[in-house]
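Think of it as A, B, C and D in the order they're written, each chain with its own count starting at 1.
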Amino acid sequence: MILLLGAVLALGGAALLSSLASRHDRWARSAVIAGLAAAAIAGGTLAWRTIAGQRVSDLLWSWPVPGAAFHVGMDSLSACFLLLVLVVGCCAGLYGEGYLAGSHGHIPATPVRFFFLVLLGAMALLVAARNAFLFMIAWETMALAAFGLVSCEHGKPEVRKAGLLYLICTHVGSLFLLALFALLGRNAGSLEFSAFAAAPALSAAERVAVFLLALVGFGMKAGFMPLHIWLQEAHPAAPSHASAAMSGVMIEMGLYGLLRLLSLLGPVSIEAAFFLVALGLITAVFGITFAMAQRDFKRLLAYSSIENIGIILTGAGLGCYGLAKHHPSLALLGFAGAILHTLNHGLFKSLLFLSAGAVYQAVGTRDIEACGGLQKRLPWTCGLTAVGAAAICGLPPLNGFTGEWLIYNWLLRPDPGHGMLFSALAAAALALVGAFAVAAFSKYYGLTCLGQPRSEAARDAREPSWIMLGPMALLAALCVGIGLFPSPALHVAFAAAGDVAGQARPAVSASLDEWSRLLGAIGLLGAGVCALSALLWLFRGALLRRRKVGLGPTWSCGFTAPTARMQYTGSSYPMPLTRVFAAALATREEIRPPLGYWPVKASFESRTPDPALERWLPVLTAKFEEWLSAPRRLQYGRLQLYLLYVSAFLVITLLWKL
Amino acid sequence: MIYLLLIGVPLLVGLLALAVDSDEWRPWLLPLGCTIHASIVAACWRMLPGPAMNGWLRIDELGLLVLSLASAMFLVCSVYCLEYLRLRKERSNRLFTACLSFILASVSLVAVSRHMGLLWIGMEAATLAAAPLVHFNHNERSLEATWKYLMMGSLGIGLALLGTFFLALAAIPFDGRGDPLLLDSLLSRAGTLSLPWLKGAFIFLLVGYGTKMGLAPLHSWKPDAYGESPGVAGAILAGVITACPFLGILRAFQVCAAAGLSAFAQSLLVMMGLLSMATAAAFIIGQRDFKRMLAYSSVEHMGILALGVGLGPAGSFAALLHMINNGLTKGVLFLSAGNIHRAFGGKTMDHAHGALRRAPVSAALFLLGFVAITGSPPFAPFVSEFSILRASVDGHRSGVALGFIGLLAVIFIGMAATVLSVVYGLPPNNDSKPSAQGDSPLMIAAPLAFMGAIVFFGLWLPGWLTTALSNAAKMLNGGAS
Amino acid sequence: METLKLVASYLLILVFAPPVMLGLITKTKAAVAGRKGPPVLQPLYDTLKLLGKGAVYSTTTTWMFRLGPVAALAAVLAASSFVPLAGEPLISFNGDAILFAYLLALGRFVTATAALDTGSSFEGMGASREAAFSSLAEPALILAFASLAYRSGALSLARMFSPHGGPQAAASTVLALGSLFVVLLAENSRIPVDDPNTHLELTMIHEVMVLDHGGPDLAFILHGAGLRLALMASLLVRLVLPDWPAAGPVGSLVLGLAATAVVIGLVESSMARLRLIRVPQLLVAAICAATFGLILTLR
Amino acid sequence: MEPFSQLLLAFIVFLSLYLLGSSSLTGCIKIVALQGMCLGALPLTVRAEGFRLRGLFLAAGMFLLKGFVIPRVLLYAIREVKIRREIEPMIGYAPSLLIGAVLIGVSFALAERLPVPAGLRTSLMIPVSLATVMMGMLMMISRIKAITQVIGYLVFENGIYLFGLAIAYEAPWLIEMGVLLDVFVAVFVMGIIINHIARAFDSISTEKLTRLSDY
């Protein structure tokens, strides 16, 4: 456990050092890199040992605050998330140095470094916390650090708006968590996690309350629909490496919280499990549908995070179902799918955010319509984007497929019993999500990186520095690596799932061996696809060697002068689908059609606002505000009225209570 | 002797301030007096002094907590005043300085008195001495605020006096030992007190001191007085002067609890607590003036204090802790808000935005103070607010817990909107140069000191403090005094 | 020896089934229209000829454009290994059905991005439609898979697609078959979803994506597309037609494929292409049919 | 002495009612002075034990302060700011009187719930003092001029003082002196403020003092 403390302290110390050395950029940078490296080594060692099955004894120090104890511990679930924090955090942190240097002072380096490291440190502590008080401290520190990152470019109004929204959401979520822990604490008589686990069973009403509180509290962070409202606003506002850490790791902490709670409190009811699965699917379908319709590519990525969270939640819900049905292998499979997808999502989403940041820095805009043709200018960045995009669609030779495959296997398991129709429909929904993801990410990758540049800026874009490319390449390599050799990652996921489902190692490893064998085969097949492609590539090369290979403009059945403006756009590409879902998306379009015989100007503009944020929430808040502003006229400014309040209150209280 | 020093030293300093003729040197009396006062208080922590003046003066843990809070806040604020008054050269600081000292003296009197009448006198003195602080800016707005403050304060203090009389009447027939308003005699014969009179006494004291403390619906002077007074006066008003009437209510509660009326008193306190929070929520949403917002936040936290005490022993412990935390955090907020106010020359969102560029340290402190006061770890108010929540949940008061959580959320939303708009963004006219008016060394050292304290208490409650708090909470809820 | 035979018949089917099926469809259509039509092996000749040609690449394009045909074909080839083309598949395990579906998706992804790489609005349009319609076909496919998986007790193509259940399962089989057939038509750009014979129509889907490909690239694409058709058709065949002892597994499959080609040809001759906005309705109908079939299976 | 004290108490209530209906500022001040004098006389009558030297001192001090000093200060204040008449109050005179009557009823109802403390000769003392307190508050609420509000406050304080008399025997003189001192200081400070108000706003009407509001 000293290793964990070491990692947290290294990150915290680096945060302090880097802000102390704010005048000397080089020193600050070295502090960051040194801190990240130290944390990675210390935390990585610890996580690895834990997953390998070594027992790490808890660290318990008394803490003179009511209910608190400095109690940290490590099990596979913690270790799995710690690993994610460190891998993504270190890549993003390293990239961040290049990103900050490349921003030419637009982003204030000192607070970004500070908050970023604090964010990582808080998350590392969070996953190890074994006391609700400590957990909340780490949770809130994480939330506040992320807030600092979101609003670091606060000169822009939309950033301020996003920051405010994020802060409100996260705080409301925290309040729910406080209530949750207060309730659990009452039952257990202590805020220790172990006491929660050992406490007498909760009453039915309490169970419902705990479930709802946890769902809202953790769901607000994870971004379950419709609690996701902050997500698509905050992610574009933060610097890209921060978005990567937030989207790749921080929102997963909400799921960690849920899983941790499950591991402590045991199974939820069948209905709750169904509810979780349904919520997960709704979230996923919602997220990807809106992702498809976005123009701002960081918003697109943010919505896709909502989608992936939905998939993960689906897996977790399936695990819960297994627990509720006392079906250990199903529980294990569901949780393992969720956790594996969490790991995978952390990797490819941070890769995508990092590459999006590189594109943003090169082009200066987040508008897909202003990009295009970048693959020629930024070959590495775009190549890595392609890997990330394929991975996030869950396409086979990459890691995205592995987790989803486990979940599919759960859903389509040939096991007659009730709920099979639901399972099959869930699988169909998942398939829909997968297909939409292909649409969304072929749009993202195809329209930003391929084709012709749509703006001057895109034409003059430059490849970022190696310090940005390196971490991206590492993440991409991990995506490919897990796709081809899924066993190690599967091992981690199953070990963690065993902790959630409360199963002993031997039972877990039996399951693990079975799935590991199958996924290993899939990895081999993936390698086969790669090899086959390579063979075909060589074959074509051989065929063409003796032939004439010409170069020319795009033919397209004889378009004589294709221009960049004639390319398919971010709005038109998904239009066949967005039209089908027009009622749900409510895309706002402003069309000025070409008129007259010699039309001069015509334009088309579309924007898809978030329904929860911009359509449902205002209805609620308007009512609420109206209701709240009613008493405001009481503070009318007249002293006589104030005196009246006192007197009236006095007389009424006397008549009532005396 | 020690009581004489506690009250006499600030009194003497105040008189001296009236006598000294130099505007430049007079403020230095404040840190001097406060340091002496603080060291005496520190000595009290070492060993609680025994009773004096026939038992009229005696400090117990409850009083010691209030006294220490006052002493510490005065010490820090007096340092702030040095720089602040140097900036306000256009105006004589004679009355300001003297009144600050007088407030400390009267607060000390409130804290150490065991006699409800004496306590009331101290309170009245504090009310009067604070009026010139509110009026320090000498403009129409501050005049209006002072007028309202005085009228409401006087009404409250009058009702509190009536309540004190009720308390004495509850003790009739009196056997002649000591004085009927002496707390110890009230407590020792709590069983024989006349319950209707005691109930009446509690209601009157609650309304009377509640007006001073600013519980809704008795709070209406607060936004005006806090909004128009200088930041440092706001810190003193919100941090220290609210603690005194709270102590008064606690004393009344103590008697009620001893007499077996705790359910009655608790129900009133819970009701007023939630009402205060609800009122604050309604007014904080959409508040454009950040100093008024702080005033409403003070209303909210007074409500939390009342609520906490109404929730029984665990809640009382948390409420007392929250009294300290709230005081210190209000110190951060009001002092930094004062700095921002000065840096922009305005205290509404229309005048002041982008404070992070104009007065970086103050703005950061303001932001952190906001985060702290709304109950985020790792700051101290989190500990107390969480404990109050736990107390309500532990007591199976789910309605109260839900109301508490919901109102905290609404208040957070309102405050966040105002605070972020002040702190973030671009300053008016895009003038991003840091302003000397905002961040001068002593004026950020003071809120920084408060900040340090709330971070410390958020992460570490020293044993002596916990002991004192739990003794005081036990005492409140019918334990031996 | 068995393995060798298996691999050999596999290879033969992989090479010859796609062009023959396409040729048969064309032949059927011609016959219905009263024409003679091109020879059945014409698609094979085309492919061979294309392989021998040079290529012209647009200057706008990057390696993605070149990767598209190659990876798409590789993905379909890999997918074929789960399909029992020679009586039994090369590889079979629980969950290979999902991998099959996702390998096809991989093919779509690379084809679509390759199309976008040209920077032409025409190809962008094709990619957009492909992505849209296959999105709606996917749930129908998975639902049909689900009902077969539950019935057969395994999630591998080889076991899912084999006749079982007897007459009482006929209804669900028919429904699954129907929805899969619609998926087949949609995924392979046949009438009524798309008309593979028209070029330069604003309503095209698959053909328009590959306009800029030429030479070996186009050959890969054509063969890949045909293979995809053949794979899905052979799944359907396995579902309805029992192994005919006289022809052996391979022979009965070949016969079945030929029959399917004729059916497709008949469908194409007897109906017109739907308006584009009607296509989603057709696919949703397929989803409904699959769901209904599933309900029947689970009953 | 009991009938005499009953009479005095009734007179005090009557004076309060009269104040509620009065519109002349100087008249109001004079009535408050008169009420103060009555209060001064009261300590000599309430106690069964008769009066002691301390009671005499208290009565004399009260008589002087409430009957002469404070009215003087107020008269001086209105002369300074040259105001004679109250403008139309927030609540009209007739409604104020009605509310006053209701408040008297309420005070008696409340006093019913409280046992009469031993040693008090007259049971009228508690309801009358409560009524005076409430009418003082009513006056502060209903009037617009700052000076009338101060007068209302004085009535309020008179009621409290009356109450204090009920326990004058048990509570030592420190309290009573405190009361007197506070009344004095409060009026004094308010007088200063009124002067400021007059200077700042050219009138002592609190009509202008409504700028600080949230509505």
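The working rule: a contact is a pair of C-beta atoms (placed from the backbone, for glycine too) under 8 Å apart; a residue touches a chain by one contact, two chains touch by 3 or more.
Just so it is clear, the structure is predicted and the values come from calculations on it, not from any experiment.
S.K.: Which pairing of chains gives the most C-beta pairs in contact?
M.R.: Top-ranked chain pair by contacting C-beta pairs: A-C.
S.K.: Farthest from subunit C in C-alpha centre terms, which chain would that be?
M.R.: Computed centres place D farthest from subunit C.
S.K.: For subunit A versus subunit C, what separation do you get between their C-alpha means, in angstrom?
M.R.: Roughly 35 Å separates the two chain centres.
S.K.: Go ahead and note the Å separation of the Cα centroids belonging to subunit A and subunit D.
M.R.: 69
S.K.: Using mean CA coordinates as chain centres, what's the subunit B-subunit C distance in Å?
M.R.: The answer is 77 Å.
S.K.: Using mean CA coordinates as chain centres, what's the gap between subunit B and subunit D in Å?
M.R.: So the centroids are 30 Å from each other.
S.K.: Out of subunit A, which residues touch more than one other chain, so two or more?
M.R.: Those would be 632, 634-635, 639, 641, 643, 646, 654, 658.
S.K.: Going by the touch rule set out above, which residues of subunit B reach two or more other chains?
M.R.: Residues 147-148, 151, 155, 196, 200, 223, 283 of subunit B touch two or more partner chains.
S.K.: When you check subunit C against every other chain, which residues touch at least two of them?
M.R.: There are none in subunit C.
S.K.: Chain pairs in touch?
M.R.: A-B, A-C, A-D, B-D
S.K.: Would you pull the subunit B residues touching subunit D in the complex into a rising list?
M.R.: 117-118, 120-121, 124, 128, 131, 135, 140-141, 143-148, 150-151, 154-155, 157-158, 161-162, 164-165, 168-169, 171-174, 179-181, 194, 196-197, 200, 223-224, 227-228, 283, 287, 292
S.K.: List the residues on subunit B that touch subunit A in their complex, please.
M.R.: Subunit B residues touching subunit A: 147-148, 151-152, 155-156, 159, 196, 199-200, 203-204, 206-207, 211, 217-218, 220-221, 223, 264, 268, 279, 281-283, 285-286, 317-318, 356, 371, 374-378, 382-383, 386-387, 389-390, 392-394, 398, 401-402, 405, 408-410, 412-413, 416-417, 420-421, 424-426, 458-463, 466.
S.K.: Subunit D touches which residues of subunit A in the complex?
M.R.: 632-641, 643-644, 646-647, 651, 654-655, 658
S.K.: Residue numbers of subunit A touching subunit B in their complex, please.
M.R.: It comes out as residues 63-67, 133, 136-137, 140-141, 143-144, 151, 154-155, 157, 160, 163-164, 167-168, 171-172, 174-176, 178-179, 182-183, 185-186, 209, 625, 628-632, 634-635, 639, 641-643, 645-646, 649-650, 653-654, 657-658.
S.K.: Considering the complex alone, what residue numbers of subunit D touch subunit A?
M.R.: 90, 106, 109-110, 113-114, 134, 137-138, 140-144, 149, 206, 209-215
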